[in-house]
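Structures given as structure tokens follow.
Here chain A shows up in two complexes: once beside chain B, once beside chain C.
== the complex of A and B ==
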């Protein structure tokens, strides 16, 4: 029996799509506080302002993340949501759950919280929506002791690392993304659970440049699979694509896409123009290839990534909270990703950038903003990386010469007129 | 010369008690000992939380530290 009149919320049940309002009403039969969520949202629609407040001194003992405090600013009207804290659970790599575990989480959450979930938060956590402060410690005890499950990251912590399906499902994965994600999650438990940084920091692991977890767009440190030898070409399969025997995109496009044309659909779309046809064979100048995956996506039977695989590290991406959205910048062109040595090369890069950012980042400044403030040449010096043309978007029009004083004979105070006598402009 | 862990914790706690702002970023504690690396400062601040002398205050996206009793808490305001 509804506790509040919610005519505006009810409108959201009338479309052809699944409705969270219907879900809330169904859940409210078991968890009456869900009626107050509906009531408060109706009031927010009417007042055109949120009635949630977030933040505060909530959490579980010894942890500085994983719980986000949330309160109603009209608790007298909606006492069921006076406290409505969010709990983030660290998802397993690639979000591979057993149904048994999901049932256990749902049972626990109905016992200790509202039963409402969000699958998943944008960092990948399994998000449990709505509980009271006094339920947090018992929930955490049951979660860690009975389910062997832990909280994810929030606040100025390392956020829960996430990865694509990797080698579990994908032949293009250039390294074991699940192993990397799990290893980093275990290695950096302290950074996930206790605040360490000027602001949030995110890792994401994609097995190739298709970047199925959008690491290049959403993580401060994106580890994206690549290779440094040649694309493997099967010329017989190339011919079958040209003849129409093989379907482009693995059959993933319908006839409205038009007949496959290797010149139009592959060669002309190569961002570096490194492909051509010669004597009925597809040729690739691999030195010019940027490993974007486009040609491989179109002709998966004919083209495959090379075999000398590893990862490119991009840094500085973020969503638009403060200064607008920013894509990651390629910083390290290639490292080997070796589970046998616990991804030692990656750990060295992570710790070098953290040490610098912890000292130089301003409060509430993401790594990408700090990089932008100091400039890429300075950042590359910090990372002890020699600039290469691939660090520059347009190396032929932007010479990218930033001499330092010690590199210039005579320094900044040299007699420029005397110099120009010998070196005319 | 860098402070010992106990000296560092005392300096951090003093700053948290006396600062005009009740809530401080971890970076605000760096000045307690310029010779100590940020990671050690963070470790000392987190030990003080474990000892119950500091508390975390989190907005969800940012986390700050406060001396116990100094930070405003929504629950103390009757919500």
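== the complex of A and C ==
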């Protein structure tokens, strides 16, 4: 039976989109603390302000992350949510599950917590939402012993890595994103569980430039699939797009916006203008292609990424706090992504940037901000990467170069007296 | 057996990571890993992937509020057990994906989903509004300037037809972050709702000594608006505390993140900003940031009508005027942002002119503009 009057919450049971309020009420029959979640939410809707206290350090022994402490600021009214800590479970790569495993998670969480979850958190974790401090150790014991499953990251550590679904169900994956994500997650368990960084650090793995996990916008180190040979063309399928037999954009866009027109929809929208028709065949000057994926997206049956595949590494993306949002900066144009050698080339890059950032990053400074502070030339030097024009959109427009002494003939030591002998004041 | 509170370190297991993903693959996924040839969207919410082996995988994409109960997950498991050999997955945008290995299994699955009320809407593919990524808001967070689940429910109810059909010029990705920390990273979305504060932090001198490292609170301010100061408690005791130069405050809330004695949330001060025109994919042009076009709308629970209408108005203006494949930001760039404000009937204010770092990059430095109604 409902414990509180929740007229505003009840309003959100109407409408065609699935209602989290109806769902909370359903769970409340088994997990009575859900009535207090609804009650406190109703109070927040009425007061137009949160009723959660700031922070609270809780966790499991030996870990510095994975649990986020949370306490109600009105615990007398809503004792069921007086403690409401969050538990982050490290999601399996690209979020496939067996129902057998999911049911075990459900049973564990109904026993040890509120029964409410986020599928999933913004960084990728399977989030168990709301439990009491005394439940944390027993929950962790059951999680590791019975489910063979571990916590994800929180705080100033490596956050839980995430990836697109890659080769599991996508024809465009230029490397095995799931293997890369899982291998790095296992390789860096210590960095995920025990915060030792200046601030958070995120890995995201996308199989192509469509970037389904927003690696370029959201991760300190983005690994984005690409190729360095030629787009594979099936000319018969190109003809079927032109004839209308194949659906444009794989059927993703309605013909009311215009029937497929290879000139208008593909050739004219190519950002480098490297495509043309010749004798009924689509031609691509691959040396001019920047692999943006537009043409492939529009004609998925006719065009495919090349076969000499690997990844481009971008670094420093982050949301606005504090210096403003940053997109990832292209740092390493191409590496092979080889599961056979446990992604050795990627590991080298990661360890080089961490060594430097742990030494030089200030407290609560994301990698992108440290890069801004020291400048890209300095950053490339510490990464031992040769500067190439691909590192910039355009050359600098100001002439204020930080020349180093060793670059200037004769160095910087000069004698003013010698100078004055030739140049009177 | 089980956890022994007397001996917490006994048999302790740590650092085992997540379960290996491969054990969760449906057979058709496992057998065709790395062999996929092409895909089609058969109808809104239904994807067909074809393998080099000739095998087919049909995926039914279903919306979800993200905040879901274990009872709901069990129902998802029931569906997956009945139709999908006991496997299911989630997408980055909080959609659920049910996969089957032949076309004849699609309709029974769709019928089953449809029979369960409004719990499992099928859609979110191609040129649609996909599910909104969002943050916690008032359900769990200590720093929000607005709610998350409530606003998202209100917006998705209103835009439902654009989720279940594909009638937009291109895909449109919506996102909500309930404060500037943006754990939902809405800074590269077609349409973003962002919770913002507008009142500077209060200072709880009575509590500050016990809960804050003053140097961290001072260093937390990107504009140097937090300074050391002395304060006198009710007891008459003089303590070291801080003061805030309100004129320099940009309401980012970073001081509160570092210092619980500096709360800034407020029913009147808080609300939502709308930012538009960002995208992540490299398609045509690279990733772009969302731009602030509406600086403030009030928090008006339970349905945030001002926010919902603003989002809908922008979405429909774009849908009506954009060319095929043109994302919202590409359309605004092509017609010019002055035209965007006119077409969307959004008043332009000084709040949309950047005066933070690197602001000059966004000022117009050519004489090439359009004579819209803004020029009197």
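As a working rule, the second predicted complex is superposed on the first by the 389 of 425 C-alpha atoms of A that agree within 3 Å, B and C clash if a C-alpha of one lies under 4 Å from a C-alpha of the other, contacts with A are read in each partner's own complex, and residues count from 1 in each chain.
Everything that follows uses one rule, which is that a contact is a pair of C-beta atoms (placed from the backbone, for glycine too) under 8 Å apart; a residue touches a chain by one contact, two chains touch by 3 or more.
Computed from a predicted structure; not experimentally measured.
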Of chain B and chain C, the chain that contacts the larger number of chain A residues: C
Which superposed partner A:9 touches (first chain B, second chain C, both, neither): second
A:64 touches, of chain B and chain C: first, second, both or neither? first
Contacts of A:117 with chain B and chain C, given as first, second, both or neither: second
Which superposed partner A:138 touches (first chain B, second chain C, both, neither): second
Chain B versus chain C as contact partner of A:370, first or second or both or neither: neither
Contacts of A:55 with chain B and chain C, given as first, second, both or neither: both
On chain A, positions contacted by chain B and by chain C: 53-55, 62, 86, 321, 363-364
Interface residues, chain A side, partner chain B - complex: 53-59, 62, 64-65, 67-69, 71-73, 75, 82-83, 86, 133, 154-157, 194-200, 321, 355, 358-359, 361-364
Complex interface listing, chain B residues touching chain A: 25-28, 30, 37-39, 42, 46, 49-50, 55-63, 66, 71, 73-75, 78-79
